[in-house]
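In what follows, structures are represented as structure tokens.
Both complexes shown next keep chain A, but they swap its partner, so chain B is in the first and chain C is in the second.
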Partner chain A sequence: MKIAIFPPNSLILADLIERKGHEALALQKEIRKKVIDPEIDSPPFNITEEEPIKGLKYAAIEVPSGVRGRMAIFGPLIDEADAAIIMEEAPYGFGCVGCARTNELSMYYLRKKKIPILELQYPTSREEAIEMVNTINTFLDGLEEKNG
Partner chain B sequence: MSKEKSDEVTRMIILGPSAQINSSELVQKIHMLELPLTIKSTCYGAIIHGKENVVKDAVEKIRKLDPYNIFTKDRGFPPGDPRRCRAKRGAAREGFHQLEKEFELLDCVREALEKPREVHIEKPIKIDPDSLKKIITECENED
Partner chain C sequence: MVKIAQISCGTEYSGIQKEIEKAAATFGAEIVIPEADLDYIDEAYHKFGFNVASSSIRLMIARAMSIVEGKADADAVFIGTCFRCAEGALVRNEVRRFIQQNTNLPVVTYSFTERTKADELFIRMEALSTIVDRKSLLAREKQEGLTIGIDSGSTTTKVVLMENNRIIGTGWLPTTDVIKSAEDGLKSAFEGTGYKLDDIDGMGVTGYGRLTIGKHYNADLIQEELSVNSKGAVYLADRQKGEATVLDIGGMDNKVITVNDGIPDNFTMGGICAGASGRFLEITARRLGVDISELGGLALKGNYKNALLNSYCIVFGIQDLVTSLAAGGTKEDVASAACYSVAEQVYEQQLQEIDVREPIIQVGGTSLIEGLVEAVSSILGGIEVIVPDNSQHIGAVGGALLVSGLGKK
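And now, the complex of A and B:
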């Protein structure tokens, strides 16, 4: 199954999903498409004026172009998802996932999709971290059972 | 996009804090797999780059070296890309900060993977209208 993760660049979530034989819809897969193209129109990334236009599918015209541009990358991942794991309060304030409004919008779309969703809080202690891993593994095992 | 480029992927191999091997040993072991890969040694482990099926095969073999202490993650940029490489930027690359935070949890992840426990996941239930009305009335009375 294709599983969307949030934060979309999380190592722990992506790794646990792959250990169970599923595909993690990580942000890096979409970013790769933008950065290895030999014809880069807008260095350093191939984010052009086309992206905010593509983002209109997910956000209204009055939404800032930064949010729409990010949604042009996050959106296709959300569309593909068969299930999702959302980890809230994660320390992701760096790089391209540092936009709080895009993060809220992405989580809203995932919740609206009516797919199996597991919502967690970023662990702050050892016990919470162990509990989180066990919860994720139980959720992933449940998906396998549903899927046959 | 050229065909050779489009099917090439990059993977980060991250060693957990309790790993039985270090990054130079890891790189040696990856070299010994004799797969057509670009390998880069890093402070957290290694980066491998190559055709998607070769990278997938390599990741499976690398995991077997220390299943609970080796973690992998996709990377968008190829190894040593001047747009991301620390050597050119003069500071930590953006993704490093998140990796640094998640690295702190990897030992707990290892512990949970070694001793798995069945947990019960409670499904979130919808609030009934009466409870919502009660909360609204309470809030109004507070004001």
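And now, the complex of A and C:
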């Protein structure tokens, strides 16, 4: 199954998902597609003014351009998702999109989709971290079963 | 090469990073991003004390802190956040103050959209790089010798002749042919002074036509209007230290510049419609059968509440005016309502985009309309508005003042 993650660039969440044979809808893959495109030259991510316009699908024109630019990349991943894992209160070292408003909007869209969602709080101890990995694995196994 | 440190969030996601770099490169500057590792972000952000939710804004704060703490090398600072982002706007202004209070670096700020193009940033980047290159010149607070300043604006050309910190001649006329208008302005400024062009120690030019005029007269100083106008305004208003806002409600467009110790750090320019410009007041005066110079005094005697004039459009605005007069409104009330309407629109369209700092130094031809000045102050909650003598000549005064810093010929 295609699983959206939040933060969308969390390497740990993406790794746990792929270990269970699912596809993580990670932001890095989308950015990579843009960066290796030889046609555009707008460093660092090759995002042009077109992205905030594409982002209008997810947020209205009065929403700041940086939110719409981020949503142009993350929004299609949400659209594709069959399930999602959301980690709240994660430090930015764990992964982030940089903008709190984009975070709020992205999590809302994921929740609105009525797909299986696992919501977690960032672990603060070793025990909680082990518990978190077990919870994620159980969630992912459950998806497999549901999927048949 | 001038190093401009970029402190921002969202530029890369708005697709405008390339435009920012292009704008800086046009003026011989390069954009550098101050380094900040994860631990430093936390440390700097807690030290700064502004609890923000966006991690990119925390990174902005850390980048500002690294400049203040000398960890990053920069000659100037560009601060940008997304237009309409409340968190971004709050931090943008606090970071700006933080850098200005703790360093001597020139700062400009901008709130961008995905439509931001390099040429919109040109005047800011040019101001930053000239402020760095001409720091000692901009520190000048007194005019010396015999110098002339020309401000070749889009609507009018202003010329000021100064001698030992005193204005001795002026010229003010509509810009038709850029060079011809400057020539006529010079003639008028020299008239009765006994001096001629060969006698002057220096010429400083600014405004839209500065490059053409600068080349024609081989001017000693050719500089963008942002720093020249700021300098001219604070000089004339005797507010060379501290913060202020320079407001110019023009014939065609409006400019608002915020300054710190006479150095500009943000500006906004525009005007959706002529209904928010001096042009509307000119037409109002004509319709009332008075000279534009009498309109302000008339407005002071009236009460804007007795006449409804609040259209964004000059055509509908005039319709309102005719209706008010037909309904028995007095000339005074209509004049007052016209001034209030322009001030209200400038507030709604532009002043809300910028952190207005007291005092406002109102300049340009429209600053001579007393009713408009009072309306601006009243709309901003009674803020202090200063209209210095010769307020219509700030650009030319700034040019004459600054060029005197280059010494005698």
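Please note the rule applied: the second predicted complex is superposed on the first by the 143 of 148 C-alpha atoms of A that agree within 3 Å, B and C clash if a C-alpha of one lies under 4 Å from a C-alpha of the other, contacts with A are read in each partner's own complex, and residues count from 1 in each chain.
The definition used in the following text is that a residue touches a chain if its C-beta (ideal position, glycine included) is under 8 Å from a C-beta of that chain, and two chains touch if they have at least 3 such contacts.
If you're wondering where the values come from, they're calculated on a predicted model, not measured in any experiment.
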{"item": "Joint occupancy of chain A by chain B and chain C, clash or fit", "value": "fit"}
{"item": "Greater residue coverage of chain A in the superposed arrangement, chain B or chain C", "value": "B"}
{"item": "Which superposed partner A:Ala100 touches (first chain B, second chain C, both, neither)", "value": "second"}
{"item": "Chain B versus chain C as contact partner of A:Gly75, first or second or both or neither", "value": "neither"}
{"item": "Contacts of A:Leu11 with chain B and chain C, given as first, second, both or neither", "value": "first"}
{"item": "Which superposed partner A:Gly142 touches (first chain B, second chain C, both, neither)", "value": "first"}
{"item": "Partner chain(s) touched by A:Pro52 [first = chain B, second = chain C, both, neither]", "value": "second"}
{"item": "First, second, both or neither for A:Ser65, with chain B first and chain C second", "value": "second"}
{"item": "Touched partner set for A:Leu118, first chain B, second chain C, both or neither", "value": "first"}
{"item": "Where the C-alpha centre of chain A sits as vertex, the angle toward chain B and chain C in the overlay (nearest 10 degrees)", "value": "110"}
{"item": "Nearest-approach distance, in Å, of chain C Cα atoms to those of chain B in the combined model", "value": "5"}
{"item": "Overlap of the chain B and chain C footprints on chain A, listed as residue numbers", "value": "43-45, 92, 96"}
{"item": "Chain A partner contacts - residues on chain B that touch it in the complex", "value": "1-2, 5-6, 8-10, 12, 14, 71-78, 81, 83, 94-95, 97-99, 101-102, 105-106, 108-109, 111-113, 116-121, 124"}
{"item": "Chain C - residues contacting chain A, complex", "value": "9-18, 38, 41, 52-59, 82-85, 87-88, 112-115"}
{"item": "Touching residues on chain A, where the partner in the complex is chain B", "value": "7, 9-12, 14-16, 18-19, 24, 26-32, 34-38, 43-45, 91-92, 94-96, 118-119, 123, 126, 129-135, 137-139, 142"}
{"item": "In the complex with chain C, residue positions of chain A that touch it", "value": "41-45, 47-53, 62-70, 92-93, 96, 98-101, 103"}
